[in-house]
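Listed after this line are the structures, all set down as structure tokens.
Each of the next two complexes has chain A plus one other chain: chain B in the first, chain C in the second.
And then the complex of A and B:
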């Protein structure tokens, strides 16, 4: 599990405004989708890894994230290598196998495209944690609100996250209660049995937490939630010169990347 | 001692108490949406099915998405999106579409929620857009790719567009019919899950350019996975709907009755 930044570690990234980081994240995400050349995506990956190093985040985290995506990465690579319609034949594996759409040749374009897609997967999967691990939750929510995300939505997110420990403890209590009744399939049972016992866990959990929502509703009403007044915030965020520099760079990167793609670069 | 005539004070009127000002969104209390989002995050931590050939795992949150429309109505989209964004960050192994992964659960909840709110035209347009976006990708015109959205999206389209079927599903759920509740919840779960998995498939296909050689051979496996999720969702959904009614806890059906 990846934890949300506590804000304890001070690095240059922690000092940035949440909006800047969100926009930079979106830029990298869009560019990763725009390019299909492995060289360009490798450049993006280098940028992300450099930022990761600047943020002094643990490298083990990248390994933890990527291990979940290893199988799909291998499959993407294999599918592209064997079935991407390339022109530069490198070597012949067999005669054409029509019913699976295999020409019999491994092509240079297939290998390059396969590598590009795997690199795209890696960039996409590690870029989001980079933002979140360097942004304390209140700042993240404030950034969303400042970016004109409706306050109610941001409130739902904040409340959900603060309720999470209580729900997890509810869940543990229900599991213990089920164990007392002799149901032991949460961890060790077969797949279907595990899914069946999941129903026995989810139903009381949902009902129990819905009951708690009544208390939350009363608390919100008593504090006049939704009253038509201008909201103020405990935290305030302001752009500093570094934010402006990064924002300008992000916009330039984005425009430059799209322009390159339109001109025919960054693709196979 | 003289008394001055008091100045006429402007009349203070309380703001009209609309459903919005009482802390509701799309008919559901915000507190319930927040609770659902929290439940969604917690469910995302429980891997249910390891998925060979797809990123990471299918987690219990797939069940939450499938039943969300029946419990929260269109507000399910908001709760799922809020939960999805955080869950994607905390437990990324359940989201194969990366930072935009939350869109998949949002669409699943939205289509099922709109249908349950009897806004079937909107639900139908969204479902068609989701299926259509699959076919916009040139990869989807390859051999047999039309089969991928077929199984559960077809059921979803039938439930959305055939009026007697749609009305029967909604009425059975709203009245908690003793017999028909089960198949009705099953069909509603199909709608919710179809929205989610087609959106995921479309996004993954756009991002990683997977060809028919991946999709077609793995189709039986995906049908099996989807069936398991929908069946388990039906069990959970029926339990939750009956439980909420018995305990008189808030659900979208109350809002519809009002």
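And then the complex of A and C:
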């Protein structure tokens, strides 16, 4: 049921308040979007990887995430290399192709911007697990509520996350049942066959999930969810000195990053 | 004394259907009673359960006529969170009604929603878990528990809110015999020790015979009989109509009666059956 949360995993980041981690994550997000220089974003990536090492999260996970986004990254890189309006021409590839906006030259700025975009994607993709894998869902929800996110929204968000493993196991059961009836084209077979078997899996999965969500709705309502009173939270969270240090650093980084950008640094 | 549950001519149809799931249901239950609702699958038992806390019609919408009053609240007018303080509902599938990360948070969820002080919540959670025999499981994941334990957690969840009435919709349908026995024992104690009014839907006739003080029979969406278990289980025509198989001790006695033996009262328990059959031998 928890799957998404850290569960039994104990890392140095577990001791931090959820708000601290959320604010630090947002800071990295914003800085990754503010800078367009690959060197600055590389700096952010180094910071994220160091935090990853401190959190003692498995490196294999980064490999899996990158593998998943490899095609998108290649597309981004190619598109920027070809279409970024750079000034330093490196070599001529063809004549100008006006209707697709290609000048015919590969430029240094295009390559740099392409690399920056890919690094930005990598930073954004691997910074999220740092929060998700080191923060149990209840703490994450409490952090959202304390940051003034409406409780109902925070609850729906965290409950949806907590239900993912359940949906996964439901999907495995349906696949198993279909395998028993001779459907084996989940991974192999032609594209059309694969699409057909996937639809055969999705329909019962979605219907089952809807049915379960209705039961969940009844169960939640039966336990006074949405009662018009100020809710109590069993879980408590307090800032520790490390939280304050990280928060101050995050604010300094953010302000410093924005100031550098305003002064013209961090761009191509 | 005013009854704690009042159903007055309740008819309800789910949205996009003309066939009512329950028709013209009327009955009253006094505080502290242990009522069992029995009947074949598809008779409308779960729908009837959803009427107690206002899920029907507030969550499911659809068309409802008649009124349901529980502990002085009208299920049509009072909102579900208000009703939840008076009536606890435990549904059939334990897995889908548990959605928190630890047992402690799961059981405390209802009290948190009611805005009770933190120390009161912790006391109530401990008491509810102790009552269902799950003390020491506070930090475990609900999904990692056995089916019987999950269902007991689900019961603890509503028990912690201290409602007057507990409605349990086939709580043992997915459990093994030992898990079922443990859950049923908890339900019986909620009635005998805590004085809670119990409304239980079950196919376990042995349990109905053993604990229920009153039995309602639902068949073809209508309430066809309301009486003590002994009266229900000695009525062959009724049992056939509602496709109910009585407890084995009752079956033996009914079989003997069919063969011409004089059995004035159908026994409900093994001890009663032994006495009855011994009496026959002596005769």
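Criterion: the second predicted complex is superposed on the first by the 189 of 268 C-alpha atoms of A that agree within 3 Å, B and C clash if a C-alpha of one lies under 4 Å from a C-alpha of the other, contacts with A are read in each partner's own complex, and residues count from 1 in each chain.
We adopt the following convention: contacts are C-beta pairs under 8 Å (C-beta built on N, C-alpha and C of every residue); 3 or more make two chains touch, one makes a residue touch a chain.
All values reported here derive from a predicted model rather than from experimental measurement.
Judged by the touch definition given at the top, the superposed model places A:206 against chain B, while chain C stays out of reach. In the superposition on chain A, A:83 makes contact with chain B only, while chain C stays out of contact range.
By the touch criterion stated above, A:138 is placed in contact with chain C alone, chain B being left untouched.
Judged by the touch definition given at the top, the superposed model places A:163 against both chain B and chain C. In the superposition on chain A, A:227 makes contact with both chain B and chain C. By the touch criterion defined above, A:255 reaches neither chain B nor chain C.
Counting the residues of chain A that each partner touches, chain B and chain C differ, and the larger count belongs to B. In the superposed model, A:25 lies in contact with chain B only, and not with chain C. Using the contact criterion defined above for the overlaid structures, shared-chain residue A:217 touches chain B and also reaches chain C.
Residues 1-2, 159, 163, 212, 216-217, 220-221, 225-228 of chain A touch chain B in one complex and chain C in the other. Against chain B, in their complex, chain A makes its touches with residues 1-4, 25-26, 29, 33, 36, 65, 68-69, 71-72, 75-76, 79-80, 82-84, 100-102, 113, 117, 120-121, 124-125, 127-129, 132, 152-153, 155-157, 159-161, 163-164, 167-168, 171, 191-192, 194-196, 198-199, 202-203, 205-207, 209-214, 216-217, 220-221, 225-228. Remark: chain C residues 50, 53, 55, 59, 79-82, 84-85, 88-89, 91, 93, 95-102, 104-105, 108-118, 121-122, 141-144, 154, 157-158, 161 touch chain A in the complex.
On chain A, the positions that touch chain C within their shared complex are 1-2, 5, 7, 136-138, 159, 162-163, 165-166, 212, 215-236.
Put simply, chain B touches chain A in their complex at residues 15, 20-25, 29-35, 37-43, 45-46, 48-49, 52-57, 60, 63-64, 71, 78-79, 81-83, 85-86, 88-93, 96, 98-100, 142-143, 206-214, 228, 232, 235-236, 239-240, 243-244, 247, 249-250.
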